[in-house]
Amino acid sequence: MIRVQREDFDVGAELEALTRGKTGIGGVTSFIGLVRDIAGERRIGAMTLEHYPGMTERRLAEIEAEAHRRWPLDAVLIIHRYGRLEPGERIVLVAAASAHRQAAFDACQFLIDWLKTQAPFWKLEETPDGPRWVDAQASDDAAAARWIKD
Amino acid sequence: MIRVQREDFDVGAELEALTRGKTGIGGVTSFIGLVRDIAGERRIGAMTLEHYPGMTERRLAEIEAEAHRRWPLDAVLIIHRYGRLEPGERIVLVAAASAHRQAAFDACQFLIDWLKTQAPFWKLEETPDGPRWVDAQASDDAAAARWIKD
Amino acid sequence: MKLLYFAWLRAKIGIAEERVDPPPEVTTVAALLEWLKRRGPGFAEALKDTRIVRVAVNQEYVASDHPLRPGDEVALFPPVTGG
Amino acid sequence: MKLLYFAWLRAKIGIAEERVDPPPEVTTVAALLEWLKRRGPGFAEALKDTRIVRVAVNQEYVASDHPLRPGDEVALFPPVTGG
């Protein structure tokens, strides 16, 4: 399941709903991304997440489908917020549920790695020197490249 | 933080408490282990988790400390239940919070891999053929061996 | 053709969305970018290094040789930074 | 010396916990296991393959050559299966 929304989400309720009634699931791996108050050397007051409505949902649905193709998963969840977020606030929740622990871990890591390089979101940070668009990270490209099949 | 308890736990509340007020955290990776209704070919009614009170807490505290030594983590959580659990019920929650996503993922995987081979818990399954002690898995030893430093 | 701009491309160009009717020789993404650059200083500045401009046509990522049709929705944006 | 048995070792031996006073030649974990095996058929059955018996002394995993002292808490159990 994928969702793109301005509002916060309830992690416990979301993960509970993901597995409810599916007693073949052995494990659920999840990742919660949070707004940090510092990025490199810069102190961050808050950030605004912009996205491309329509394309975002399509890309996330493709990432979800690709995870299902690669691993034996019982459920996949991607929730991503947009709008203005303060330090400590949740940005994203990704989760993968499987009979097998390693599949859940690998799929969850794949979800966040691909989301970071594929889903059309952009961060505008509020810094003491004014607003600043966050640059894409080479480390994120490297993380995503792990999942490219030869 | 570590806890060994008979009662269920609230995943959302636990993860929230882990990060509250710590605005340097960029991500939290967590793993929830659940009771499956099937193990290999066997249908499972329920299972009873036995443990070694005292040693369990010591081993989990050592695993937590080792994770902190290996990765730059802001917080670690291990909650493990004992007693009789039915399919779909939560057994264990492990989580690692870090400024850096990869550290959170690696530490979380380490926590569950080591817990599975180090913490003194044993599962007695209720099967159609009567109670059956779960055998240790070679795959769990292999997973834990990934984290042994040369 | 509908054009969408996001993040600092939108900020530099000064508009989020517009409808354009490029000349007939603009048949690919690369040709569209070259044509847009000549529409004003904001466009020239935003598109001066096209290697860091990502392009989606009808909400799918495409390469610079991708063909364009009049009804396409074309989005231009910097490398993404979500998650 | 306090002995604890867990999981199927406990089930086969039939007791969870006992206090024993082994003879003076029982100075290591290996010697303790050999001495316990001779205490009855439940012990013999539970300990017949000591390679799959894990031993903790004072709540720390130890190898078979680990020395024992009278006040030790010694736990015997199968490979663990939590998580």
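Quick notes
We call the chains A, B, C and D, going by the order they appear; numbering starts again at 1 in every chain.
Operating definition for what follows: a contact is a pair of C-beta atoms (placed from the backbone, for glycine too) under 8 Å apart; a residue touches a chain by one contact, two chains touch by 3 or more.
These numbers come from a predicted model, not from an experiment.
In the assembly without chain B, touching between the remaining chains defines the groups A, C | D. Separation of chain A from chain C in touch steps, taking the shortest path, is 1.
The most distant chain from chain B, with centres taken as the mean of CA atoms, is C. If you average the Cα atoms of chain A and of chain B, the two centres end up 23 Å apart. A separation of 48 Å divides the Cα centre of chain A from that of chain D. Between chain B and chain D the centroid-to-centroid distance comes to 26 Å (mean Cα coordinates, whole Å). A separation of 73 Å divides the Cα centre of chain C from that of chain D.
Listed for chain D are no residues, as none touches two or more other chains.
Shared interface positions of chain B, i.e. residues touching 2 or more other chains, are given as 33, 112. Every pair of chains meeting the contact definition is listed here: A-B, A-C, B-D. For chain A in complex with chain B, the residues that touch the partner chain are 10-13, 15-16, 19-38, 87-88, 99, 101-102, 104-105, 108-109, 112, 143. Residues 4, 6-8, 11, 56, 59-60, 75, 77-83 of chain D are the ones touching chain B in the complex. On the side of chain B, the complex with chain D involves touching residues 33, 49-52, 54-55, 58, 80, 91-92, 112, 115-124, 133-137, 140.
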